[in-house]
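Both of the next two complexes hold subunit A, though its partner changes from subunit B to subunit C.
Up next, the complex of A and B:
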């Protein structure tokens, strides 16, 4: 596949992530912060997000598995995850966290367990999508091409 | 604190969230600021020379402090108060960031002397605004 085709495929794929609500405008902010002097900024931040999120999801699973659930602790973890997903533009994860927090406030164990499943689902979905997108970018760069900038207004 | 015009302003960014620290650092560096990050208020106080663990001769000059509001242990609001209580540091502009838009929180911080309150997630336009304020303070 030649570079032009790969670039078009990447643009279409990235646009679909915005259309489907996986990513929001904050992700564009991240891309705009990447330049020749910081060529790996997006990969670095996204990798940090993956590591941080997986740890938080483990902590959440453990916290909700206790005989006496400490909802303050659960809420604190969800707050962190909401923050980082918001900062990178992972919209669906962020929204799942917002719902999660309201059930933490109610101290509703069944609902919070469901929310945890929901957040995990959204997280693994966006992780998969981002990894695919970054792989496409890598292929373009390896073939000597540049990564096209997504324009707002679609 | 006398600072030469044309020098890169030095900003201390305080946030317990690793991703947010990375983002604010990049945003500030993109606006030609020198950046030091701290993962909580106590470390920030140490860095500023107000902490219990500050070593002799390691206090650094800082032109602005930007801090998250919600942090475990000491909040950004409590950090703001400590800075404003210090005769050495009270003139340093402090900016509070939060992911939550709570009017009482905002007015509380501004009343305590915060220069600005910014909603997270931060964008480039926010940091440009910040830099403009910073340059204004220096002149």
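Up next, the complex of A and C:
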């Protein structure tokens, strides 16, 4: 596949992530921060987010698995995940966290377990999408092309 | 004849403009004499042309993703950035390096010491503006932060455009201090 084709595929793919709500405008902020002095910024931040989130999801799973659930602790973890997901623009993960927090406040164990599943699902979805997108970018760069900037019309 | 007239007109104008400059300088004795009332003594940004570039920011957040993004954004604003992932560390840095920071940005919810406690220490021990940041937008939490003396409370996700304006808090505080 030649570079132009790859670039068009990347643009279409990235646009679909925004259209489907996986990513929001905050992700564009990150892309705009990337420059020649720091050409891997987005990859680095996204990788950090993945590592951090997986720890948080493990902690959440353990916390909800206790006989006496400490909802304050659960809430603290969800709050952190909400903060980091919103900071990188992972909109659906952020929204799942918002719902999660309201059930933590109610101390509703069944609902919070369902929320955990929901958050995990959204997380793995966006992880998969971002990895695909970053792989496409790498292929373009390896072929000598440049990453096209996405212009969004909303 | 014409030439002589033009020359003398020129000289006349020169004379008048010199008088004016003399007059102007007498009324405004500030050019390099240091008698203007700038507030800061040791601030790194004293009226330099590049301000707010070089603004010395300490950013505190226990979340590594957010901390990395803040650092990048603040650097893109041309600020001088120091980052901490613990409030305790931030406090000792501030205590050991007094007068080496212009502003502190801190997350609210952190284990061990949280942003509110850090804010209280800073407002009682030193004269630095503190901005609180959180994903928590609940009114009572924001109210608490502002009541305890935060000069601003930002909700995550923070955009770089917002960080470009934080220098206003530094100027405002210094202006209030000189009154």
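Keep in mind that, in the parts below, the second predicted complex is superposed on the first by the 153 of 154 C-alpha atoms of A that agree within 3 Å, B and C clash if a C-alpha of one lies under 4 Å from a C-alpha of the other, contacts with A are read in each partner's own complex, and residues count from 1 in each chain.
The rule is short, and it goes like this: a residue touches a chain if its C-beta (ideal position, glycine included) is under 8 Å from a C-beta of that chain, and two chains touch if they have at least 3 such contacts.
Keep in mind the model is a prediction, meaning the values are calculated, not measured.
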{"item": "Clash or fit, subunit B versus subunit C on superposed subunit A", "value": "clash"}
{"item": "Touching partner for A:139 - first (subunit B), second (subunit C), both, neither", "value": "neither"}
{"item": "Which superposed partner A:108 touches (first subunit B, second subunit C, both, neither)", "value": "neither"}
{"item": "First (subunit B), second (subunit C), both or neither touched by A:38", "value": "both"}
{"item": "Touching partner for A:26 - first (subunit B), second (subunit C), both, neither", "value": "both"}
{"item": "Residues of subunit A contacting subunit B in one complex and subunit C in the other", "value": "26, 29-30, 32-33, 38, 41, 44-45, 48-49, 52, 76, 79-80, 82-84, 86-89"}
{"item": "Subunit A residues within the subunit C interface of the complex", "value": "26, 29-30, 32-33, 38, 41, 44-45, 48-49, 52, 76, 79-80, 82-84, 86-89"}
{"item": "Residues of subunit C defined as touching subunit A within the complex", "value": "62-66, 68-69, 72-73, 76, 107, 109, 111, 134-136, 156-160"}
{"item": "Contact footprint of subunit B on subunit A as seen in their complex", "value": "26, 29-30, 32-33, 38, 41, 44-45, 48-49, 52, 76, 79-80, 82-84, 86-89"}
{"item": "Residue ranges of subunit B touching subunit A (in the complex, touch as defined)", "value": "16-20, 22-23, 26-27, 30, 70, 72, 99, 120-124"}
